[in-house]
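Each in C-alpha cells, the structures are laid out below.
Consider the two complexes below, in which subunit A is the common component and subunit B and subunit C are the respective partners.
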Partner chain A sequence: MFDLAAAFSSAIALIAGLDAELFAIVRLSLGVSLAAVAIAAVIGLPLGAFLALARFPGREVVLVALNALMGLPPVVVGLAVYVLLSRAGPLGSFGLLFTPGAMVIAQAVLVTPIIAALGRQLVADLWEAYGEQLRSLGAPRLRVIGTLLWDGRHSLITVLLAGFGRAAAEVGAVMIVGGNIKGLTRTMTTAISLETSKGDLAMALGLGMILLAVVAAVNGAAFAAGAWARRVSG
Partner chain B sequence: MTLRLISLLCALLASPAGAADRFVVLASTTSTEQSGLFGHILPMFELDTGIAVRVVAVGTGQALKIGMQGDADALLVHDRVGEDRFIADGHGADRRDVMYNDFVLIGPAADPAKVAGLTDAALALRRIADAKAPFASRGDDSGTHRSELRLWKAAGVDPKAAEGGWYRELGSGMGPTLNTAAGLGAYALADRATWASFRNRQSLALLVQGDKAMTNPYGGILVARARNPDDARLWHDWLTGPRGKAAIAGFRIDGEQVFFP
Partner chain C sequence: MISILPLELRGLGYSAGGRRLLSGVTAPRRAGLRTIVLGPNGAGKSLLLRLCNGLIQPTEGDVRWSGGLDEADLRRRQAMVFQRPVLLRRSALGNIRYVLSLRGVARRLRQDLAEEALDRFGLGELARRPARVLSGGERQRLALARAWAVRPEVLFLDEPTSALDPAATLAVEIAVHDFHANGTKIVMTTHDLGQARRLADEVLFLSRGRLVEHGPAAGFFQAPATAQARAFLAGELMC
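Let's look at the complex of A and B:
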C-alpha cells in the first residue's frame, strides 16, 4: 500500500505544481484521442447505419468481421501504420512518422470498428422500433438514416465515449508510430510506460491516476451535455 | 459545430512545444534516454544551433532498422558489430566513437551464486549457470542483449539450453528487465547509467564490475538517407566535438559520472 500512497502524493504534487510538461502531455493525449474519435465517427457512424439498414449477400460475414475488428491489437495497428508511413513505405513522402498526425491515424484505425459496430447495433435496434412508422411515411433512405441517428443521439454519445476510452487508454500503437518523443509525441500512456521503465513506480501510478481523472472528466462533460440537451429538447 | 470542433482539435495538435522549424530525428537506446542524458545535453545543442532533437528511444537493433528505412537522421547506439555492418551495407554516411561506459552485473543481495566482488564476468556467469540461479535476459536484440550473449559465449555457457528454466528471456527494455529481476530475485546484465538512475531496486545490488569485456562503447552514426542531412551533420559534428564531449562529461546521476566521452 506504500506505493499507492506515494503514487497519490506524486499525482497531487504534479497537479499542484501546475507542471507545464504534464499539461502539454495531457493536452496532447486529449487532442490526439479526440481527433481520432472525430475521424472515426465521421467514417464509422454512416458505415454502421448503412450496415444496419442495407441488405446484400455476404452481409453477415461483413458484420462478423466488423465485430472482430473491435479486438484489433493496438501493437499490430501501430506496426501496420508504421510500415505505411515509414519513408521506405508507400506514404513515406508525407513525413508523418513520429508526429502527432501518425498517432491520430493509428488511433482512428483502432476506434473506427468500435464506433461502426456499436453504431450499427444502435441503428438496427432503432429501426426495429421505428422502422415501420418511417417506412409508412415514405421517407427516402438517406433521410431515414439521418432521422434514426438523430433520434439515437444520446446513445450515440455512449458509443463515442467507448471509442474515446479505447483511444485514450492504448499505448501500443502510439508508442510505435509516435516514438514517445519528449515534448512532441509523449502522451499520458507512453509517459506512464517510460516511468515504469525507469522503475519510478510512484510517478507512473500517479500519472495513471491523472489519466483516469482526465478520462472521467471527459465522460462527465459528455454526461452533462447530454442531460442539458435532453432538458432543452424537453 | 462539427467544423468548429475539428478546427479546435487541429489547433490543439498543431502547437505542441518542441515543434521547432528545424529538427533532427535521433534513434537511440533506452539506456541513454532513461538515464536522463538527453535531458542534459539536448538543451545545450538546441541553444548552440537552434535545432531541436527528437529522440526515439528503442533497442539498438530496432534503432539500426529505423536508420536503414531512413526514418531517423542520426543514431546513437551501442553494438560495434552491428554498427560496422550498418556502415558496410551503405546505410550510414559516417560513424564515430561518442562515449563509453560499462556493463555491470546486478543480482539479489543474497547472492545465491556467490559472485559478489568478482571482476571476471565469464567466471561470474559460469557460477550463475552452475548454481542454476535465475537470470533475467533482455532478449530483445538490443545492444545490451547482444553484449550479454557475447559474455555467455566467452563463459562457455549456452544459456539457450536453460531457456524457460533458470534463464528467462524477457523481450523487454532495460528498465522493465530490472523491474522483473527485482521481482524474481534474478541476476541481470545492465548498463551502468540505467542502473544508476533505476529507482525500483528492492533487494537488487551491483555485484560484478570492472571486467574489460564489460566495456560499453556508444557510436554515433549519420544516416545515409537522412531527411534533414545538413542539420543531422551539425548534430553529428557537435556531439563528437568539444561542446558535445564537455556536455556528456558534465552529466551526473547522484554525483556519479556515468558516460565518458
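Let's look at the complex of A and C:
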C-alpha cells in the first residue's frame, strides 16, 4: 500500500530514534560517494584540462567517446568491476570484492568521465578567454592546466556536484560489487531497493527522503562554500 | 646580459582564410625608441604586435630578434599589455606573484618585487583586493604593474587606453614614460592621435595590411609623405 504519511513518519522515526544502523548506512553512502568523487576529480580534472588544451590526431574521437562514457550504465560498470575484482579476475588477489573499496572503485569509474567531460568544456571556455594573455606571459602548457583549473574553481564545484549526484544516486554498481551486505556494504540506495522488494514501501520511501535530504545538504554546503569563496576572491 | 634588441621585421606577413591581413612589413626596431603604430581599423596594428610578441606565427617573412635566444627565453624578455587585460581570479598581489613565478623568480623575492610594482602604479592599497573587482583603470594599471615586475626589454601595448577615462589614460601614459625612462623599448598601438604625438619617438603607419610610412615622429606628424597618412592625420574617414 502506498502511503506518503506512513513514509514520512517512518523517516522521522528513523531519524528521531537515532537509529545506529541508519547512521552507519548514511555514513557509508556518503563516504563511498565522496571518496569516488575525490578519486574521479584527481584523474578527471587534469585529463579534461589536457584534452581541452592538447591537439593531437584522433582528439575528436576521444572527446566523443568521453562524452558517451558519461552515459555509462551503472550495472555494466558494476559487472566489469565485479569481473576484475572477483577471485579469478586479474585484480582478485586484493580481495576487494564485496567491500566498500570495491564500491568506491566502481563509482569512481562512473564519475570520472562526467568530471573529465564537464571539466574539459570548462577549461576550453577559459582557454578561449585567457589563452592569449597566458601565452604572452610565457606560461608553459603544464602550468596552464593548473592555472585554468584554479581560476575555474567556482564553476568546478558544480562539476564535482554533478559527479557526486551521479554517485550518490546510483544503485546498480554498488549493488553488484558491494553485495548489499548488512552492516558492511549496505548503502542508502541498496537499502531502498531491498526494502522495496521486501514490500516495506514506507521504510523505502522514508530512506529515500533521507537520501534526498543528505544530497540536498551536500549541495547546500557546496553552494555556501562557493558563495563564500566568490566573496573572498572575486 | 645580451640584448634581444634590435628587433628586425623582414617581409613580415600573415594570411588567414585566404585573406592577406598583413604583408611585406620590413623595418628595424631599434632599442630605446618609443614606436607608435598608427593606422585605421583593420590596418593590421594589433596583428603586428601579436606577431612580434610571438602569439601568432607569421605566414610570410619573419620576426628576428638579436641575441640568438630560443622562443621561451625571448618571451621572458617581453611583456604585452592588452586593451582588456586578463587578470587571474586571485588578489592583485597574487596576479603579480604568479607572473614572477612563471619567470623563475625565487619565491622569497616575489613578495617584495610584487609589492614594489604595485606601489609604483599606485595600487599598494589594493594589493589584497581580488583583481576581478578592480575598476577598468585599476585593472589596466595592474596589467602595467605585472609587466613592470618582470623588467621586460620590450613592452608591447595594444590600444591600452581605448576603454579608459582621461585620468586612467594619463596614468597609462605616465607608466609608458616610466618604462621608457628605465630603458624598456615601447611598441604601442593607439587610436588617439594626441596620445601618439605625446608619446612617439617614431611612427609606423599601417594601412590595409601594409607598412605605408615609417620614420621619426616629428617628421611624420609635420610632413607625412603619403596621401594616406595625410588623410589619416586630417581625420578623414578611411576604409
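Here, the second predicted complex is superposed on the first by the 231 of 234 C-alpha atoms of A that agree within 3 Å, B and C clash if a C-alpha of one lies under 4 Å from a C-alpha of the other, contacts with A are read in each partner's own complex, and residues count from 1 in each chain.
The rule we apply is simple: a residue touches a chain if its C-beta (ideal position, glycine included) is under 8 Å from a C-beta of that chain, and two chains touch if they have at least 3 such contacts.
Because the structure is predicted, anything quoted here is derived from the model rather than measured.
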Subunit C versus subunit B on the shared subunit A, clash or fit after superposition: fit
Superposed model, angle subtended at subunit A by subunit C and subunit B (C-alpha, nearest 10 degrees): 170
Contacts of A:143 with subunit B and subunit C, given as first, second, both or neither: second
Which of subunit B and subunit C A:151 touches, first, second, both or neither: second
First, second, both or neither for A:135, with subunit B first and subunit C second: second
Per-residue contact with subunit A, leading partner among subunit C and subunit B: B
First (subunit B), second (subunit C), both or neither touched by A:98: first
Minimal inter-chain CA distance - subunit C and subunit B, angstrom: 18
Subunit B and subunit C contact sites that coincide on subunit A, given as residue numbers: none
Subunit A - residues contacting subunit C, complex: 129-130, 132-140, 143, 147, 150-151, 153-154, 232-234
Partner subunit A, residues of subunit C touching it in the complex: 50, 53, 55, 72, 75-76, 78-80, 82, 85-86, 88-91, 98-99, 102-103, 129-133, 146
Complex contact set, residues of subunit B against subunit A: 2, 5-6, 9-10, 12-13, 16-19, 25, 30, 33-34, 38-39, 54-57, 69-71, 173-176, 178-179, 182, 197-201, 225, 227
Of all residues in subunit A, those that touch subunit B in their complex: 24, 27-28, 30-32, 34-35, 38, 86-89, 92, 95, 97-98, 100-101, 104, 179-184, 194, 196-201
